[in-house]
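Across the two complexes that follow, subunit A remains constant while its partner is subunit B and subsequently subunit C.
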Partner chain A sequence: MEYAVETFDLTKIFENKEKGVKRYIKAVDHVNIKVKTGEFFGLLGPNGAGKTTLIKILCTIILPTEGSAKVNGYDIIKEPHKVRSSFGWFHGETGGRSLYWRLNAEDNLRFYAYLQNVPRDIAEKRIDALLEFFELTEDRKKLVKDYSTGMKVKVMLARSLLHNPPILFMDEPTIGLDTISAVETRRLLRALNIELGKTIIFTSHNMFEVEQLCERVAIMKDGKIIVDAPPSALRDMLRDIHAVEVEIREANNLQEVIKSLGGLPIVKQIMEVKNDPYNVVIRLQVEDEYDAIPFIASKLRAMNAKVLAVRRSEPTLEDIFVKLTRKETA
Partner chain B sequence: MDIDKIVDVISEEVPRRKSPVHRIVLSFIVRDLKVWWTYKFWLTLDIAGIILFVVTYYLFSLITTSQQIQEAGYMIGGYFTFALIGIAFQQYVHFAVQSINESIRDEQWNGTMETILSTATDFKIFLLGEVCFSFIVSSALLLMSLFVGVMLGAKVYVTPASILSVIVLTILLIASHMDIGILSTGVIMKIKQGNPVTWAFSWLSQLVSGVFYPLRLLPWFLEWIGRIFPLTYSLDGIRLCLQSGKDLTSPEILSNVISLLIFIIIATPISIYIFKKGYDAARRDGSLGQY
Partner chain C sequence: MKVEDLVALFKEDMPRISSNIVHVWAVFWANFKIFLSYRTWVITETISTVASIAMYSFMGLQVDARRITLAGYGEVGWLSFALVGVATANYLWMCISRLSHSLQHEIREGTLEQIIASLIDMKSYIIGQSLRGFMVSGYFMLGVMIIGIAVLNVPLVINLNTVFSFIVIILLMVLSYAGISIMASGLVLVYKKGDPLTFLFASITEFLGGVLFPLKYLEAYPALWAMAWLMPYTYALDASRKILLNGATLFSSEVLKNAAILIVYAIVFIPMGLKVFRWGVNRIRYEGTVATY
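The block that comes next holds the complex of A and B.
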């Protein structure tokens, strides 16, 4: 089979009623993707872009409004049972909630293994191996309610691999993991992809992960695929992005400060304003950070803002999303 | 453990066949038993609650006469046995009406609903697995309340024919009330709040189906409303078997059986239709996992 996942004008429109007025939200908008069997495919996009909805449609949890899709060669609407035997699904958005907290790790895994038709002896072997890999052997008898978020994530990861499916939907699989566990998880996914030929559909907010793992990346925005390219193309896009971060303690005239920074000729646009109880961090996209830093600092001083720092900032995926969205609008 | 080792373990060839239904159902029962066991306080309350209920009606029976119970056709045991049967078989009413929607609510509450529905297990087997443990608990509580009742002096006819008839009537009681449970689950999957169907049904059913008093004591219009509810026919049949020694060969029992069958034949397709509508609507809205 050439393609593990194919979508054909896949569309999902949610109906929302607010104060008696119906609103329609296009969460997935005529998406056409083809993921080759054995490919490591990245699906990126800002929050609310439609990634999780798209994955849930492919997992047969949500019915599409229009279009169709095939997973492992099976139609998601006509053959949902066959589709469900074909994939393992990790959904990081739940933050460990999708486990039985009043069961221990091995009971959680055993239950799912049986639902996934894994014979008992093989299930036990895999449970032992996965718990050992994720360093949960010592805590296997502890109720999941007493686990940290990272430990819950590990149990969820183990669960998605138990039945050795040909396709893995990994929706932010390293969310909540410590650095070492995240590295190990990435290594495992890579090995499953290379050595067992598993097709992996991977979502993440971490550019480094995407670059390291994915052969091809699609970026979603407002339900549409706006880019479908290798990660090297994204790296090229990042090369063009120069960002500066401004941290100020307080400013009585904050709105005026933001407006005035946005109006500077050297500033392309304001990417983000983060408020916390003690300070405000403003991320700006600029023409050139070395010219921009002293210029911005003197401007802030002139406005009597209590400046804590003006520093160069590494471009992020969010910057690419903003850049691409701006291009789309233009 | 190194990556190669885990890749070897995961990739071991597995014969591609479905797990037998009984194994999947058993795994649901084991799961629910283990979860239930962690709530020892609930367990104690469940058992204490049913015993206290039986004792309350025992004390109540001390100030009532058996005359009206006998006039209603239930010959032995008096008011206490009459109420005991009502209380005991309420366990199955609660199981049949509530178990499906409570299980689905629990899965949604746990955040596990979408994960389970994305597995290879068929939805019908999932539902069967979800209700089995609840059935076992209801059966245990029913037997426990009957045992406590008999210890306190309740009298019943125990013959092979009457017990067989009670089993048949119990199956019909569960089947007819399961229809209400399935229908209300369909509604709850769509509206995601409260449970108006179950609430109205349980309240009216207790009031007019003769759980705690014979139907003929009610005003004529309430008695008439009572005849709409399957619980009326199930309890009447079960009481006639246990308190008057009748069985399926008796015209009164047969009439109850036929009424229950008619209810099941009409209600089953309607409840399945509404359930399917609710399930499809939740899949369309993307709200299967929401509560």
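The block that comes next holds the complex of A and C.
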């Protein structure tokens, strides 16, 4: 089979009723993607872009409003049962929910193994191996409610792999994992892709991960696919982005500071404002960081802002999303 | 375990064999284990059951036993009469509310998404959850009966025939309400708010089914009397009392007639319940509210 996943004008409109007024939200808007069998495919986009909804539609959890899709050659509406036997799904956003917290790790895995028709002896072997791989062997009898978020994420990862499906939907699989576990998880996914030919649909906010793993990426924005390219194209886009990060002590005139920074000719755009309890971090897209840093510092000093740092910042995927959005608007 | 070893393990694949029995067992087993992890709840619920029996035994001192005899249940005290009523009503309530309670929990915790994305058929899920409900409710019913017989000397007719007949009637009672329970669960999936339907049924059942008083008293109120005999519980309770208080068996004509009525209710309501449940599942899949975390 040439394509593991194909969508045809796939659309999902959610209806929301607030104070008696109906609102319609187009979460997925006429999406057409084709993921080749054995491909490592990245699905990126800012929060709320529609990635998770798209994945849930492909996993038959959400029904589309329009259009159709095939997973492993099976129609998601007409053959949901066959679709369900074809994929493993990991949803990192749940932060460890979606497990039975009052069961231990091995009971959780056993339960899902039986629901996925894995023969008992094979299930036991795989549970042992996966728990060992994710370093949960010692804690396998502990109730999941007593696990840290990272440990819960590991159980969820193990669950998505347990039945050895040909397609893996990995929605932010390294979220909540420590660095070493994240590295090992990436290695495992890569090996499953190369050695066993599994098709992997992968979402992440980490540019490094995407570059390291994906052969092709699609960027979603407002439910639409706005870019479909190899990750190297994203790296090229990042090359044009220059960012500066300003850290100031909690400021009473914060809005005024942001406004005046945004008005500087050297600043292209305010990308992000992070408000911590004691300081504020503002990320700015600039023409040239080396020219911008002293200019911004002196402007802040003139405004009596308590400056902690003005530094160059590595461009991120979010910056690409902002850039692409701006381009779309223009 | 290294990445290479894990990949090697996944290289040996076996065909997956679909089995509804394994699915039912998995749901039952997981939920039963979860139940056992709520030790405090089990203890407090047991204490509250014992306390309610004690309360009924004192209430029984106020009731004239002749009224029970006049109602057609022989010369037994009010406590025996009420004990069968309370035990069966609690059993039924716990069984029929079980499914909707679990579904609410599964939606909140996001586990329902995983269940829908798996290979289990929803019927197997319902049966697995219900089996767990039968088991847990059975524990409390048995407790009520044992305390009644051993501590309060309630004279129930206990022999192989009556126990078998009583178990069959209880099963039929649950089946006759299964449709309503499944229907209520379908509505809970969509509306996400408690389970008003099962609560309503439980309250009406307790009143009109004659849990604590002989139904003969309702004869004076034709509308209530008619409603009482529209409920399957009334037939189940009548049969249970005839078995445990008078020693009738499943093959006694009065019990057999009630059993037949319960079967009719089950045949009519279960397909309706499944239809509503299927509608509920598809509705939340369409709305995108399979999980609310």
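Methods note: the second predicted complex is superposed on the first by the 329 of 330 C-alpha atoms of A that agree within 3 Å, B and C clash if a C-alpha of one lies under 4 Å from a C-alpha of the other, contacts with A are read in each partner's own complex, and residues count from 1 in each chain.
The rule is simple: contacts are C-beta pairs under 8 Å (C-beta built on N, C-alpha and C of every residue); 3 or more make two chains touch, one makes a residue touch a chain.
Being a predicted model, the structure only gives us computed values, none of them experimental.
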item	value
Three-chain arrangement built on subunit A, subunit B and subunit C clash or fit	clash
Partner chain(s) touched by A:Y100 [first = subunit B, second = subunit C, both, neither]	both
Partner chain in contact with A:F14 - subunit B first, subunit C second, else both or neither	both
First, second, both or neither for A:P119, with subunit B first and subunit C second	both
Touched partner set for A:A129, first subunit B, second subunit C, both or neither	both
Partner chain in contact with A:A229 - subunit B first, subunit C second, else both or neither	neither
Which superposed partner A:L192 touches (first subunit B, second subunit C, both, neither)	both
Residues of subunit A that lie at the interface with subunit B and also at the interface with subunit C	12, 14-15, 27, 53, 56, 59-63, 81, 84-85, 87, 89, 91, 94, 97-103, 107, 110-112, 114-119, 122, 125-126, 129-130, 132-133, 143, 159, 161, 163-164, 187-188, 191-192, 195-196
Complex contacts: residues of subunit C adjacent to subunit A	1-7, 9-11, 13-14, 16-19, 22-23, 25-26, 29-30, 33-34, 37-38, 109-111, 113-120, 282, 285-288, 290-291, 293
For the subunit A and subunit C complex, residues of the former touching the latter	12, 14-15, 27, 53, 56, 59-63, 81, 84-85, 87, 89, 91, 94, 97-103, 107, 110-112, 114-119, 122, 125-126, 129-130, 132-133, 143, 159, 161, 163-164, 184, 187-188, 191-192, 195-196
Subunit A residues touching subunit B - in the complex, by the definition given at the top	12, 14-15, 27, 53, 56, 59-63, 65, 81, 84-85, 87, 89, 91, 94, 97-103, 107, 110-112, 114-119, 122, 125-126, 129-130, 132-133, 143, 159, 161, 163-164, 187-188, 191-192, 195-196
Residues of subunit B that touch subunit A when the two form their complex	1, 3-7, 9-12, 14-15, 17-19, 23-24, 27-28, 30-31, 34-35, 38-39, 110-112, 114-122, 280, 283-286, 288-289
